[in-house]
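Down below are the structures I want you to see.
Each of the next two complexes has chain A plus one other chain: chain B in the first, chain C in the second.
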Partner chain A sequence: MGAPYDRGLIEDFGRFRYFSAGMWAWVLHKVTGWVLIGYLFAHIAVLSTAIPAASDPEAIAAGTDLYTRTIQGLEGIFLVRVLEVGLLAAAVFHMTNGIRLLLVDLGIGLEREAEGFYVSVAVTAVITVLSIPVFLPPEVVPW
Partner chain B sequence: MTDRRSRFESGSIAWFLQRVTAVVLLFTLGFHFLWLHFVNHAAEVTLWGSALRMDRFVYFIMIVVFLVTAAYHGLNGIYNALLNHGLSGRRRTVVFWLLTIAGTVLVIQGIRIAVAMAGVIS
Partner chain C sequence: MSDSDADRTIRPETSGLNSEDPEEPESDVTESTGETVTLRIFRYDPEVESKQDAGFDTFRIPTHEGMTILDALIEARDEQDPSLTFRHSCRQGVCGSDALFINGSQRLGCKTQVSELKEPIQIEPLPHHPVVKDLVVDMDSFYERMRAVEPYFDPDDPPPDELTERYQSRENREDVKLSTRCIWCGACTSSCTIASNEDVYLGPAAINKGYRFYADEREGEDRAEERLEILQEHDGVWRCQTQFSCTNVCPQDIPLTEHIQQIKRDATKADLRFW
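For the complex of A and B:
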């Protein structure tokens, strides 16, 4: 076998036009996986405010401790709420596509890869749209 | 000549643990989102409320299991993706240990947070 042909960076990226459903599923599973593990580190960093806050019982009782102020402060930012919807979409797609991959490992649905991917996308879209009123109630929308 | 598209060997222990943690995460991540975004709302989170949840032994254990499986699944997933992109040799060793250290720090810090929250009640 000869050496792989170097298509160059631009042409490599341009190949997305020829992706099959299975290739899109593979790419999106990787991207959503990176998003979720990145978020886990950020999430633990934010929740770490509970450690110093836990030693201040008066502030906890008054709801003015560092942890409560940090979480509620972040939740008051419209962009954070929008990113939460995106996080939910990433998690739901990663989970539903992950179920498809687990079934493929068990020998189920390998020949129906495209349909499985479309179901994952549809379930993700429905749950994401239905979650919008929860994450973005009228009081946080700035217009 | 075999057509090896992935260096993440099917049947290996890492492959098996990736699937086991995936199944655990389907339940724990699903519960986490449902409980902390739809039943309770993130905007109404207080340390007292978080502490009340964490004070329950079953909830504490579930959160720790969630943390450990998410850290393993996520970082092992990154490692295997990098292997599939051709990571090898010395770089592979360095990346392996960097991810192992990052995961260990993440889990230790997460457990410290859970213990601090549970300690608020007592």
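For the complex of A and C:
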């Protein structure tokens, strides 16, 4: 017998075309979980600008302190606003699918886990769309 | 006499046709429909120079009603290329030797209808196993994992005497019923990305096998505790991330994820201490 042929990992890329609901839920839960962690650090960094800002009450009253300027600067960037919509989508999906996973851990409705994933996606889509007018400037909201 | 006997006699008279009538078409399920199906089959043979580079060969196979992938493979081998190599035995979903990767998912060749699949039908060896030749893979790592859970009935106490049967309650039989169906085909373990990337994870089939004996009350409590220990060791149930791929592909419809989750919950409860 010749040497067995090991196909390696390369062949696995592209398999996503065949993913089931459970696989998509798994991938998206991981991605959104780590996106939320990433946001958490960015969030802490931005909020930390309030510490040096606190020593200057006059600037705070005038609205020119470091913290206020940082927040306003960020919110003035269009891309940041779009990312906020994405962040909300990630958080909502992670939360709804997280509830699905908790039910799976409890052994409830395992035969309907795929439907659970579709519901998570639908809820995420609805809430994300409804949030657009909140995050984006009125002139770009399509309705 | 019985109802079924009566049923058997009505055929020719009520149909108004003589069963000997030469005009009546023979009912032969293997009759060709005149159509063909296109298969793309993975080829690799370390002993033949032209096949050392793995690739795909295309086959056009005449189909008939009820044709399975295994039928098509046999046809391809017998009529077109005798070097085409694959495993099969029972042809009826019992032996578990022809789990293949067909159009992107793990299925038994003999339990998959050609007519259900989109063409060209792509047939590959079971992923995450070394390929020996064409569609034949080395299943050693799968069997090793199965052995790791000590897959045999092993009661705390021997029966009182050799001739005593060990009865199981109906309820307990229901608990283990589905888990006993496993035919060791390896489809589930091949479909699991966690089992595939780390050879150490027991994988769904082995955990299901462990569950089958863990849940069997006839073994006794001590053995059940040991089984739980084996199943929740570092490379056991806690590696499962509920992708559900195993449950989706199992040709025996065993609720694998459910059994794994059950072990996780029992293991957690067994380890809980209130003090």
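In this section, the second predicted complex is superposed on the first by the 128 of 143 C-alpha atoms of A that agree within 3 Å, B and C clash if a C-alpha of one lies under 4 Å from a C-alpha of the other, contacts with A are read in each partner's own complex, and residues count from 1 in each chain.
Operating definition for what follows: a residue touches a chain if its C-beta (ideal position, glycine included) is under 8 Å from a C-beta of that chain, and two chains touch if they have at least 3 such contacts.
Worth saying up front: this structure is predicted, and the values here are computed from it rather than measured.
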| item | value |
| --- | --- |
| Contacts of A:Asp105 with chain B and chain C, given as first, second, both or neither | both |
| First, second, both or neither for A:Met23, with chain B first and chain C second | second |
| Partner chain(s) touched by A:Asp65 [first = chain B, second = chain C, both, neither] | first |
| Dominant contact partner of chain A by residue count, chain C or chain B | B |
| Partner chain(s) touched by A:Ile51 [first = chain B, second = chain C, both, neither] | first |
| Touching partner for A:Val119 - first (chain B), second (chain C), both, neither | neither |
| Chain B versus chain C as contact partner of A:Leu136, first or second or both or neither | neither |
| Chain A positions touched by chain B in one structure and by chain C in the second | 1, 101, 105 |
| Complex interface listing, chain B residues touching chain A | 1, 19, 22-23, 25-26, 29-30, 33, 37-38, 41-48, 50-51, 70-71, 74-75, 77-78, 81, 102, 106, 109-110, 112-113, 116-117, 119-120 |
| Chain A - residues contacting chain C, complex | 1-7, 9, 11-12, 15, 17-18, 20-23, 26, 101, 104-107, 110-111, 113-114 |
| Touching residues (chain side chain A, partner chain B) in the complex | 1, 30, 33-34, 36-37, 40-41, 44, 47-48, 50-51, 53-54, 57, 60-61, 63, 65, 67-68, 71-72, 75-76, 84, 88, 91, 95, 98-99, 101-102, 105, 131, 134-135, 140 |
| For the chain C and chain A complex, residues of the former touching the latter | 44-47, 54, 103-105, 127, 130-132, 138, 193, 197, 241-245, 247-248, 255, 257-258, 261-262, 264-265 |
